[in-house]
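Dropping the structures in below, format is C-alpha cells.
Each of the next two complexes has chain A plus one more chain, namely chain B in the first and chain C in the second.
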Partner chain A sequence: MAEEAPEDGAVRTLPSLRRLSRALPFGRSHGRLGVSSSGRHIVPALCSQEKADPQKTAFLLRKAWTLYSVTPLYRFRRCRLRDYARLLGAFIAAEKQKGLAVEVGVELDIKVALSSLADLRGSELDQDALLVQHFTCLPLFLTHGPESYTSLVGSWFQKTFDCCFRRLAISPLNLSWMVAMWAGCKLDRAASAVELIFSVPCLAQPLDISYAIHPEDAKALWDTVQKTPGEITQEEVDVFMDCLYAHFHRHFKIHLSAAKLVKVSTAIASAHCDGIVKILHSQYLPGVLMLLTELAISQIQ
Partner chain B sequence: MAVLRPFDKLPTLNSGTLLLVGPDEALRQQLAETILQEKRDFNISIHLATSLPLPSERDHLRPRIDLIVFMIDIKSKYSLKKVECSLAHVDASFFLGKVCFLVTGVGKVNACSIEMNAVCKLGEAYCSPMLFCELELEDTRVATAQRLVRMLRICAGHIPGVSALSFVSLMRKSDDN
Partner chain C sequence: MQRRRSSRARKQPLHAHHKSQNDLSAWQKGGTIHSEKSLQSHQSANDQKYDSEGESLEQALSYFEKVQDCAALKKKSVPQKHLDAVESTALKHGLPPEGFEILLNVVLSGKFADTVNIRLLKSLIPASVIPEDSVVKAVSWLCVSKCSGNVELLFLKWMITMFDFIDHKEQLHALYGIFFSFLQDERMCPYICHLLYLLTRKEHVKPFRIRRLLELQARMGMQSHLQALLSLYKLFCPEQVTITLPGKMKKWNAQLVIPASSANTNNLEEDREKKCLYLYSTNESFPLEQLHTFPQLLQNIHCLEFPSQMGSVITNPLLLHYMNCVRDESIYLRLYYWMGQMLQEECTWCMVNNPYEEEFKSFLQTVYKAECFLQEGFSACEEFLYKTLPLWDGFCCRSEVLGLLSWIPLSSFSDIKSYLYDPLAQLFFTSSIYFKCSVLESLKELLQNWLNCNAIQVDLESSSLNTTLSGLVNGVAELVHFVGWISTVGLRLENNSTLLLYFTLDFYETVCDMYLKYNLPLLIMLPAGVFYPALLSMDSVNLNQLCYIMYRYYNRYRTNLVAAKENELCKKQMLQFKFSDQTYKVYNQYIIAMVGCLWTSSAFQKDIHPQGLRMDDELLSKTAVKELKNSFNIVYHPAMMGYSIQFLQQLCPDDTTFNFRLIKGKKWNWYLEYLYTQGLKGLKVFIESSISRVSQDSWSKAGNVEA
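Coming up: the complex of A and B.
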C-alpha cells in the first residue's frame, strides 16, 4: 500500500519539485552531507485531519509497518489497479510454484487486492503528482507480513515499473524530530507515556536505556519551547531534546546525547530506526504518513 | 594559563605537535596510531585530550602546539557539545589556520544524531577547515592521517613560503565579494 496523490487531469508535478519551496525537515543533501539550501528547517506542525474516515483506515493502525522508499514508477496508471492485482497474483503464484518462497502448507490461490484510499490524500495545498514523462511518484511503501511476500511484491513492482525499493532507515536526528512533533500533539483522551529507547555503543554487553516521560509533562515542555504554533524549527527540537537529556543527566549522570536513539514511542505513533513504524491514533494518521512520505522522498534524492 | 596560545612557547627543532581533542577515546587513539605510522622526515608528537582546558600542572612540560584537531562524531551530539565548550579555551589567534575540525562517522548517514548544517556553521563561524571522514575504514583513516600530517607540516612552519594562513584563504567561498 502506498501513499497516494490524487489524480485529476493530465498535468501534475512530482511532489518533490513542489516541495523545494517548502523546506523539508529531513535534510536533503545539496552537495554537502544533508545541508539544505535554506539552512533553517521549518515544517508545518502535525495537523489532525478529521475528514479521514476512521473505518476505512482502521487497518493501518496498531500494526508494525516496515518502511521502504520507492523511486518514481514508470507508467503506473491508477485506473489499471485491477489489472495490476491480477498480474501480481499470477506472479506470486508462479514464484511459489517455482519453489522460491519456501513455505509449507500454504495454499496457492493468492488473492491480491489493490485499492486506493482516497481519504489519505494530503490537503489541497500538496499538489500532487505531475505525470512528467509518464512517471508517478509514490515514494512510500509500507509492508506488514512475512518477508517472503514482501520481497515478491517488491520484485514485481521493480520489474513492472522500473523502480527501486530501498529499506527506509530513520536516523536518530529524524527520530528526535518525530518525538518532538508527536509529543506536542493535543490528545483528548489519556495518552500513553512518551518513551525514548537508547542503545549504548562500545560496551562489552550491549546496554539499552529506556526513558519514559509522562505525556502531559512532555507536552508542557514542548509548549514552552515552541514559539510559533504550526511551525517547528530545528532549534526548537534541539532545545526540547537537550532539556530531556539534561534532566536525565542530573538524575543518573549519564549523557544520553552520546548514546544512539533507536526508538521513540508516543501515543500517536512509534518509530524504530530500522524503519518500522506503528501508528496508533487515527486522527493523526494522514499527518504521520505525510511525514514518512517526506522522509522517503529525501532518501530517494 | 587556561587558554591555549599558538606562539607563547619556542618551537622544537624539526618537529610538530598535534593536539587531538574529542570525547571518544577509542577513535582518538586509533587516529593517533595511524598518524604515527605515516612515513615522515620530522618528529611528530601527538597529545590527546577529551576536552579543553588542558590541565595546567603540566603546562611547562608541554611543547608548543602547532595544530589542534577537534573531533566531532556525527553519531554523538555529546561530542559536538564538548567541542563547542572546548573552543572557548583556545586563543583567537589559533583560528588563523591552526585549528581543524574532523567530522567522523560520515559513512553511516542513517546513524547521524547531529544536523550537518550546525556542524558546517561551526566551521564557518571559526574560519577553520572541516574534514569529513570515516575512521572505521582503514583507507579513509590512512588518507585522513596523511592530510593531517601535511597540514601539521605547514602549521609547524616546515614548508618555506606556505604558512597556516593559506588554509584560511581556502575557506572563502567563490561567491564571496
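Coming up: the complex of A and C.
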C-alpha cells in the first residue's frame, strides 16, 4: 500500500478522512482471483516447491479448514507471539468460566501456542504481509475445530488488534478457476479423480450432481486448452469448463452451467463454496495458500 | 498515636480555659463552674452566627469532646438533648466540618452503646465538606476494633455514601493497603470492595493483590462486588488479569455489532520498557468508560487513548471530536477497514434472504449521523456506495442510502461518472416520482456539502489550490449538468409534475448562489427543459421559485460585471474561469422570455431561445384563443389566476363577473402589493430588480403602469 506525502497544513483544514485508502485506487480488483485488467494470472507458486519441510507442515494437510478473511492487524508484532499466547489463553479460560477472573500467566487448562511457520512465509516482496504504519496484513485465517474455540480466538483477535473477521465464501467462478488450475498440475503418483459437485436449487427436492473425471483425462484436456505455461486466462478456464459441461450434456442432457457449482475436488486440494478447503498434497501447499490469500485480500478490499 | 486537636472553634475557649487555669484570680473566682460559664459566654459572644440551634450543637459537640478526654468511661448514658441537637442540625443544615472528627472519634471508639453510635453515624451529614483528617482518624479507630461490628459496617457504608464530600483524598489513597487488608473479614468484604472500587488507581493494582482477590473468589465463588473490583483491575492492567462478565452472547464475526469502547489492551510493548518506571510514574491514560462529558474530554485530552476497536467511536460524539483533533493515520485506517467489512458483509440487498434489514438500516443511520457530526464522509462508505449502487433496488434502506450519498467527498477521481452517475440515472429514470424527488434532494445536499468544504479554504491565491479549485469547479459543473439532464428527462416522464419541479428548482436555488454564497467562480444556467416548464407551470410555487432563481442569477451577473470592472478577481482566475458568452446569451434570452410573458404581455414574440416560446402569428391564430398576448402575464397566467380572482373579489365583493381588465393603472400596483403579501417573495424581488431594467415602451404597453 503506497503512502501519500503529507500535505501542507494550510491546505488541509479538515481531517484526512478522505485520504483513507486513496492509495488503492477503487476498482482495482472486484472479486476475481487476483486477475489483472488483461485477464492474465501468473501462477508461479503452483509449481512444486521443494523447500517447504513436509514434516512441519504436515498438520495442515488432510483437514477441513474453514476460511476467514481478516483485515490488517493493528500493532501486531511477530516478536510478541509468546505474550499473545498467554493473553489468549487467559482470555479463553475467562470466557469459559464467565464471571470468574483469571490471572494471566498462571497455569491453565488451556494452552495456547503461537508460532510462525517460516517455510510458508514467502519472500519479503510478497504483497501479502507488508508492514505499513503499524499494520500487519495477514489476510487469511484457517480454523479447524469446534466453533466455540474459533469464536473465542476470533473475538480475541478482533478486540486486541482491531481487525474484522468474515467468512470467506468461494464463488462458483473462483471454484472453476481452482479446478482448472489444480487439475492441470503435474503429479508423480496416482491421483484421485477430479470431482465437481453441483446443486440445483429451487426444486421440490434438492438435487446434487456429482461429476467425476479421471485425473489424467482432466489434465490432458487442460493441457490442450492452456496456451502459455505458467499463465492462465479467463478464456482458458471458460473453455475448460465448457468442455466439461458439453461432455456432460452429451451424455445426460443436463446443462450444468445452469446449476450452481458448490464443490470441487482434485488430488491437490478440495474446496467448498462455503469457504471450506482441504489440502491434500504437501508439494503444492504454498501455492494453494497463496491462492486462498489472494481470495481473502479481494474480500477485504 | 497522637490525637491532634484540629477543631478550630475550640481554640479560643481552650485558650480561655488555659488562661483561666493559669490565671489564679479566675481559679479563685469560682473554679471550674465559673470558668465553664465564662467559656460559654465567651463562645456565645464570639460565635454570633450560630442561632440557638447552633448553640445547642456547640454544646453537644463540646460535650462529646470532653467525654472523650475523660478516661475509662464505658457505655455512659448520653443526655438526650445533645443527640437531638446533633440530629436536628444535621437534618436541617448539615454538620460543620469541625464536628466530624469529634463525632467519628466518639462513634468508633466504642464509648457508647450501639444505639447512640448508630444515631450519630446516621446524622453525619455534611453541610459543606468532610475533612479528610477526620476520616483518616476514624479508619485508625477501625484498626483497633473498639466498636461493634455493626457500627463498623455502618461506618463503611457511610464512607461510601459520603465519599464525594471528603475534601481531599490523597491520604485515603495512601491507606489503600489498610483498606485492602480488611477484605479478609467476610462481613466487611462487600463494602470494602466497593470502597476500593472508588479508591483504586493504576498504581494500586499489584500482582499480590490480584492473587488475593482471586483467592477470595475461589473461596466465595462469583460475587458481584469481587467481579466489579476485578473488572476495574483489568481495566488498568489487562495484561495481568482478565475477566469476562456474563452477558448476552452475540455472533462473533462481523455481525453489525458496534463494539463497546474499551481500553486498548495492546500496550505490551510500552509496558515492557516502562516496567521499572511503572511504580513511580503517575502517568496513566484516562479510562474511556469514564468519559461522559465534554469538559472531561478537554481536561483529559492529553492522556486519552482510542479504544481497542475503532468502530466504537461512531456512536460516541466525544470520541468523534477527539478523532478530529488527532492526526494519526492509523486510526482512520482502522476505522476504514472495520466499516468497509461491516457494510459489505451485512448489505441486505447483496444477500439473499437476509433477515437483518432493520439492523442494517439502523447501522446506516448511525454512520450517517456520524458523518453529519463530522461534516465529512467516510471513505469506506463512499466505496460501499460505488460498489452497491449498481445492485441496489432503490427501495431497501432508501433514505439511509440517499443520505450517505450526500456525503460522498469531491475528489479528482475521474470515474465518478461511471460509478455514481450512471447507476443513479438508471434508477432515477425507472422509479417513482417520490424516488426522483428524493434523489434530487440528496444531490442538492451533496452539492452543498462540496461547496461548504470549499468555502472553508480561504486562501485562493495559493498555487497548490489552483489545481484544487479547478478540480472543484469541474466536479461541481459535472454534477450540475448531470442534474440538469436527469431533471429535464424526469420532468418529461412525470409530465412536468409540480412536485418534481419543486425539487428541481430547489436544487437550482443552490446553483445560482454558488458564487455569492460559496465563493465558487462558476455560473451555470438552468437548462431550457427546466426553465420553460417552470415558466409555464400551473402552480405559483414553481413560478415563484423560478423568479427567485432568475433574480439571484441577475445579482450574480451584476456582481461579476462589477467585480470584473474593479478588477477584484485576480488575473489568474479571470483567465481560468472566463465565463462563456454563451452563458450570458442564454441568460438574456430567459430574461426576455420571462419579462415578455409576465409583464409586457408579449409572450410569444420576443423569445429567441431555440427551445423557447416564440411562435408565428399564423400558428397562434389557429389556436383560436382570444387575447393571446397577455395570456401569461401576472394576471392571466394559469398559476396566478387564483390570486387575480381573489384580488378581484376583495376589490369588488359584489361583482361576480371577474373583469380582469379592471387590473390596470393604480390597481395593477395594488395587485402587485397584494401578490407580495401572499408570500410570493421570489416574484417580488424579480420584478423589483428586473423590471426596472426594461425600457419605457414596454411599461406603457402593460397598461398605464406607473413607475
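In this section, the second predicted complex is superposed on the first by the 239 of 301 C-alpha atoms of A that agree within 3 Å, B and C clash if a C-alpha of one lies under 4 Å from a C-alpha of the other, contacts with A are read in each partner's own complex, and residues count from 1 in each chain.
Throughout what follows, a residue touches a chain if its C-beta (ideal position, glycine included) is under 8 Å from a C-beta of that chain, and two chains touch if they have at least 3 such contacts.
These numbers come from a predicted model, not from an experiment.
In the overlay built on the shared chain, the residue A:Leu173 is in contact with chain B alone; chain C does not reach it. Applying the stated contact rule after C-alpha superposition, one finds that A:Ala190 touches neither chain B nor chain C.
In the superposed model, A:Thr71 lies in contact with chain C only, and not with chain B.
Shared-chain residue A:Ala258: touches chain B; no touch with chain C. Touch criterion not met for A:Ala204: it reaches neither chain B nor chain C. Touched residues of chain A, counted separately for chain B and chain C, are more numerous for C.
Residue contacts after overlaying the shared chain place A:His134 against chain C, while chain B stays out of touching range.
Where the contact sets of chain A with chain B and with chain C meet, they give residues 27. Those residues of chain A lying in contact with chain C across their complex are 8, 10-11, 13-22, 26-27, 68, 71-72, 74-75, 77, 80, 83, 87, 90-91, 94-95, 98-105, 133-135, 151, 154-155, 158-167, 299-301. Within the complex, the chain B residues that touch chain A are 23, 26, 75-79, 81, 106, 109-118, 120-121, 132.
Across the interface of their complex, chain A is touched by residues 210-211, 213-214, 217, 222, 226-227, 230-231, 233-234, 239-246, 251-254, 259, 262, 265-266, 268-269, 308-310, 323-324, 327, 329-330, 332-338, 340-342, 344-345, 374-380, 383, 386, 409, 411, 413, 415, 419, 453, 456-457, 459, 462, 464-465, 468 of chain C. Against chain B, the residues of chain A that register as touching in their complex are 27, 32-36, 39, 41, 169-173, 176, 201-202, 234, 238, 241, 245, 255, 257-258, 260-261, 273.
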